[in-house]
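The two complexes that follow have chain A in common; it is paired with chain B in the first and with chain C in the second.
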Partner chain A sequence: MLESIVLSGVAIGCIYALIGITYNVMFSASRVFSFTAGALGMLGGVLGSLFIAQVGMPLIAGFILALFGGVVLGIVTEIVAVRPVLKSLDQHLYVLSTLALALMVQQFTAIEWGTDARPFPRLLDFARGGFDQQFWLPILACAVVIVGLELLYRHTLIGHAFMAIAEDTYAARALGLPERRLRMTSYALAGAIGALAGFAGGEMLLAFFGNAPLLTFYGFVPVALGGVGNNRGAVVAGLLLGLFQQAANFLVGGIFASVAVFAVFIIVLLVRPEGLAGAALQRRV
Partner chain B sequence: METPVAQSQPSRAIALGSLSALSAGLPFLVLFVVGVALPLFGGGYWGVIATRACVYWVLVSGLNLVVGFAGQIAIGWVALLTLGAYTASVLVAGNVTPPFPPYLALVVAAAVGAVFGLVIGLPALRLRTFYFAITTVGFATIVTQVALAWQSVTGGGVGVAGPIFPPPFSSEWGFYYFCLGLAAICTWTTANIASSRFGRALTAIRDAEVAAEASGIAKPALLAMVFLFSGAVAGVAGGLFAALQSYITPDAFTLDLSVLFFIAILIGGRSSIIGPLLGTILLTVLPEFAAPLVAWSTFLYAVLLLVIVLAIPGGIAEILDFKSRRPLDSHRAIIPRPDLLPRLFGSPTDGSLTLEQVALSFGGVQAIDGLDLEIRPGQVHGLIGPNGSGKTTTLNVISGFYVQQRGIVRLNGTALPARAHNKRAHMRIARTFQTPRIVGSASVLQNVMIGGTIDGKGTFAESLFSLPRHRRDEAVLRDTAMLALSAVGLERLASVRIDRLQHSELRFVEIARALMLRPAYLLLDEPAAGLSAEEIKRLGALLLAIARAGIGVLVVEHHPDLIFDICDHITVLNLGRKLAAGTPAEIRTHREVVYAYLGG
Partner chain C sequence: MSLTRRQALASAGAVIAASGLPKPAIAANESIRVGYLPALTGPSSATGIGINRGIQLAVKEINEAGGINGRQIELITRDTQSDPTKAVNGAAELAHGEKVSVVFGPVNSGESLAVVPMLARTNTPQIHPCWVDSLTDPQKYPMCFRNAPTNRQIGGAANRYVVDVLKAKKVAVISDTTGYGTASVNAYVPMLKAKGAEVVYQSNVDAANPDLKPELLRMQSAAAEAIMPWSVNAGFLSRIINTRGDMGWDVPIVGQTTLGSGQTKALLEKPEYWAKVYPNNFRTVCYAAGGKLQARTVAFLDRLKRANIDMGDTLLWWIALGYDSPRMLTEAMKAVGTEPTQIVGYLNKLKGFPGVYGDISFTPEQHNGYPDDEVVMVEANSLRDGAFNLAPGYNA
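Let's look at the complex of A and B:
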């Protein structure tokens, strides 16, 4: 029993962490949180199921196309919902524009794909038993992404450019960095990560349009608690969230587990609005 | 000294005010008459639609204060509708308690709504925008899940019957009139709040939070009242919604509905009542005309939301605001009337505002380092120094936005509490800002009235129902604001939307707003920045007159002419330390000052 709680907790925690990283990658490039993070995760599952189970594509092709779908949504988010409102960041219009886009994606999926949860295909038939694909796939995806991002940010030129933009947009622009192109690349990258989260977690979450708002919320918890822009923090907080949720699931039942997660989230945030690992910002007068 | 201008201006303003109140009330009256006459036009189905519009508006009217006025992005308000609906239905059905009469159940629903409105809303005090938005979404999701799971009470997925109101409200049109009546009450009360000092304070929190705090507006108390009110009407709306549906299941309360409420407000426009009202009617009725598109309605709402945010952030209200398109006189001068100042102020006070050995560093940077300063009533004190010398930081310590790490700020000998920035106004310490902090969509007069918020006597509840004390407060605030505007020379622009003013005029508006506090001390942060030479002269005369009326004035400035012209005493800062202090004549010849400014 304990083993299955831990396994599913870690697996679902990895999915939340990946969505959290999606939020972070978009935030670092633009100082904007986007509601489309959850929609990206949902889309990864739906597209994977569509291409592999419905259309019957080979695994690799379906996987690449699903990620590509995420990349497209990421870029569309940047062009349609983020770029036009960046000028007036203090008015928080991005909250509304990204919400609108996320709702459009969600509703479009509901209408075209259907409102029922559909199964996600089994990808690889080995390691049956306790340590199933539905558990190790999200864990593997999370590990690949976090290692990949570390390598990218620390050891490549474009990664350094990303860091520069995240640190100080104006200074980066003054240095001649192509800020807009880097931002779009970041959003494309975030789109791929979000879709990967949904794809890897497809078997647990199913291909279901309603995953969008759930992932939007549960994926934001690791960001808020792990510290904004802190990917390692997001992974730690995501894992804790997954384990806590699965344990609560087992102890008090699914519904009240969500209540418990929500309560903990609110309480932690009220006590430490900057997150467990973040530092308080000095307010500007 | 009595002057005809000062006499006539305020009374004309009141006359104008009541006239504009009448014309502003006209659209509401038309809508109400159409609403009352509706049964004459249409059949039963339109009755249901109209009732639904009324029910939605009961909720949206309250949410409008939260979203449209206070600017809090509360997306998951459907949670309160759900709570109200289940409370009313379960109490009337008698699942847990002996059956309640419907009206009592509606009252309990309002109470439950109010409590949870506060619970969902209060995180807004601590959390940033997106965090708050997402917690409201999370709350909405969870309420629905609980409704689904708590079968013994809510009936789970099967649902529960909605309350039925006794005659005369049992028939379809009878219930419609009941809802229409409540909708009208909600319109009236929220319009009252909107035009009260509470409504102005909400918009100040939204657009100019720092200025709101400096004016003594207590954000927590104000938002708490608004969340209580908004929650209560949402609870009532829930009860009505359940009665209208006649049977409720958790499926009826999707987040889509929340989005509808939210978009209705955004379509309508911020700081408006009529806009969101029209938006609500539009969004309720629109799907009925486009039957084939029903499945796409939420998608279309989302498209609408995106279009509004990107194309017309002002919403319907801004489109209908014809007045603000009339061109303003382009050759207008600011002619202050210092002779009016004595009428704004009471008798001058003694004592002084002093800083003793105040120090504050940010990280490794010592912003101010052991500063002594004394501001005396009746005098102008100039604070000058190169950029980064700690002038604005000093001002922020005095007004409580920064907390000094060492030293004391004393007012008449008593130490001022640290960090209590919204208490400074109560001590009659007023200030202006380097960049004017204003509510762009409000009129000049309304912006100035914000400065007098703490002097109102009436409570939130009195303003809701426009009771005598509320009306007296408003009249006094309006008169004082007109007087303050006349004193700074802007009375002719009183009714103009403030974002149409020039930068230099905004500086004078900020002074007028500060004067509303009848300050004992007035702190000005670079008031001459962006002013023409002529305007600087007038500003100087105005500030000097303010000081001579018995106010202690502290001016942070770069313009040497202004400082040397009007100051009684000057303190020169360099790298957070006092470089020199003395009269203008002493400072002019001070060797180190000349070095600091011209280089050695």
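Let's look at the complex of A and C:
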């Protein structure tokens, strides 16, 4: 039982963490919580299944095209749902605009792809069982993204530019940084990460339009618990969420597992509103 | 004597009335308009597409044979697009605008829940094949009839198979968290207990939950001798089947028709995991021992082959249900005409209409026409030509 909890818990936790990072990357560039993060994850699974299982493309080509689909949706999100509401961030109109876009993507997928879950192809020709690829692929994807983002943000010029607009948009613009282009690049990057989450977790989650709301909600929990904009916090919180959810599945089961997850989520936020790894905001006086 | 204009008109009217001029011949020859509300597109269209093949064949055959007392049937079709709102709009148009004599459909319960009360207010006779129990009620909807089983009959057949045929004493009942899933569990568990079974596990689980192993381990540790899943979600059902297979547990899985669908099959990790999975189906369109079908079903299959009806992507019972429906209406209208009250009066006394899908009977108090014992369980992995083998035990 412990093996099952750890294997499934860590794997699903990594998928939640990746969706949490997707939220964070979009948030850092725009101060907007884009609720298309779950739709990006769903799309990664559906496009992977479409290109590899249905169209019959080679794995690499299908993988790249699935990520490209995420990149396109990321850019569309920035143009359609984020840019028009940036001037009135304090009114939180982005909640409506990004949620509306996410619902449109979900419904379009339901109509074109179907409402039944479809199989996601087995990516590597290994025998099933034990520490199966459906478990280690999301873990590998999560590790690659964390290392990649660390390298990008800390060791490249464009990464420093991302950090700059995340820190202070006005100051970054005053220094001559192309804020709009950087924001769009961030959304494209977030799109690829979201699609990667769905692709790597495809075998667990299947190619199913209904994964969008699931990932939107469970992917938001690591952001809230880990601290907004904190990728390391999102990973830790995502893993804890996955393990706790799986343990709850074993211990209480059924719909009570979801109830237990959200009960703990609410209690943690009541005790630490800034999240487990976040810092309390200092109010300027 | 002078004749006023008024007197002249009155006289002319009296002469015409007395002479008994025949009505225009066109009334006797004009087509009989039958409203039809299938879901031919959208997410729930698989059933509608199958049923439509049967309907179209039946109407073609009826019209080629001279129609109903010389009048052709004209199907007035409104595709509901699997959307209850569009179904209601289509039904209103059929009843008010097209003035149809009778309506067949919708073919999905979600749409019928919206349409049945609306058509009842227009006094339009309606026949539908939807399973939700509340969709017939001779008091509330006196002109609405069902020529298919109810959910209660579906659950009852599965319960009979588990308790009477498999002799399972301890049963696990699981569903997703949809309205259908939870309502089914709530209805079927008391029925199981009434039959003497012990329900050792009962739960509603989110259909998107990627790992159902904890649930199956709980069932196993409770010593369940059969699993009964109630869901139309192929992903959820395939996860139950796959997890059972991965655990090496050979407990039978007995439940909803979707267990035997192509979508469920596509999601199985190994084809052999489909063994000992028994979904609902209907005796008249199933292979008995030796692969034999009933004589009327064999004749129907010949007819389908002659008409080049594609069987590869649908189920025989859907086509049979579609084929029977206009034939049943034709029998009624041949006997009593097209007046709504006359059609309803005829259907209220219908006894043993010999359909390919099943023998249908109604009474004024019972508008659910499908017989209990025709609902059976089949082997999920035995599908060929749209039909399944009866599950083991029925032929004993």
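Here is the rule we use: the second predicted complex is superposed on the first by the 278 of 285 C-alpha atoms of A that agree within 3 Å, B and C clash if a C-alpha of one lies under 4 Å from a C-alpha of the other, contacts with A are read in each partner's own complex, and residues count from 1 in each chain.
As a working rule, contacts are C-beta pairs under 8 Å (C-beta built on N, C-alpha and C of every residue); 3 or more make two chains touch, one makes a residue touch a chain.
Note that the structure is predicted; figures quoted are calculated from it, not measured.
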Clash-or-fit label for the pair chain B, chain C on chain A: clash
Per-residue touch tally on chain A - higher for chain B or for chain C: B
Partner chain(s) touched by A:249 [first = chain B, second = chain C, both, neither]: second
First, second, both or neither for A:186, with chain B first and chain C second: neither
Touching partner for A:169 - first (chain B), second (chain C), both, neither: neither
Contacts of A:117 with chain B and chain C, given as first, second, both or neither: second
Chain B versus chain C as contact partner of A:12, first or second or both or neither: second
Touching partner for A:1 - first (chain B), second (chain C), both, neither: second
Which superposed partner A:211 touches (first chain B, second chain C, both, neither): second
Partner chain(s) touched by A:95 [first = chain B, second = chain C, both, neither]: first
Residues of chain A at both interfaces, chain B in one complex, chain C in the other: 111, 214, 253-255, 258
Parts of chain A lying in touch with chain C, wherever the complex brings them together: 1, 4, 8, 12, 110-111, 114-119, 128, 201, 204-206, 208, 210-211, 214, 246, 249-250, 253-255, 257-258
Partner chain A, residues of chain B touching it in the complex: 73, 75, 123, 126-131, 133-135, 137-139, 141-142, 145-146, 148-149, 210, 255, 259, 266, 295-296, 298-299, 301-303, 305-306, 309-310, 313, 362, 392, 396, 401-402, 433
Residues of chain A touching chain B in the complex: 33, 80-81, 84-85, 91-93, 95-97, 99-101, 103-104, 107-108, 111, 213-214, 216-217, 220, 224, 253-256, 258-259, 262, 265-266, 269-270, 273, 282-283, 285
Contact footprint of chain A on chain C as seen in their complex: 42-44, 177, 203-211, 213-215, 217-218, 233-235, 238, 246, 263, 266-267, 269
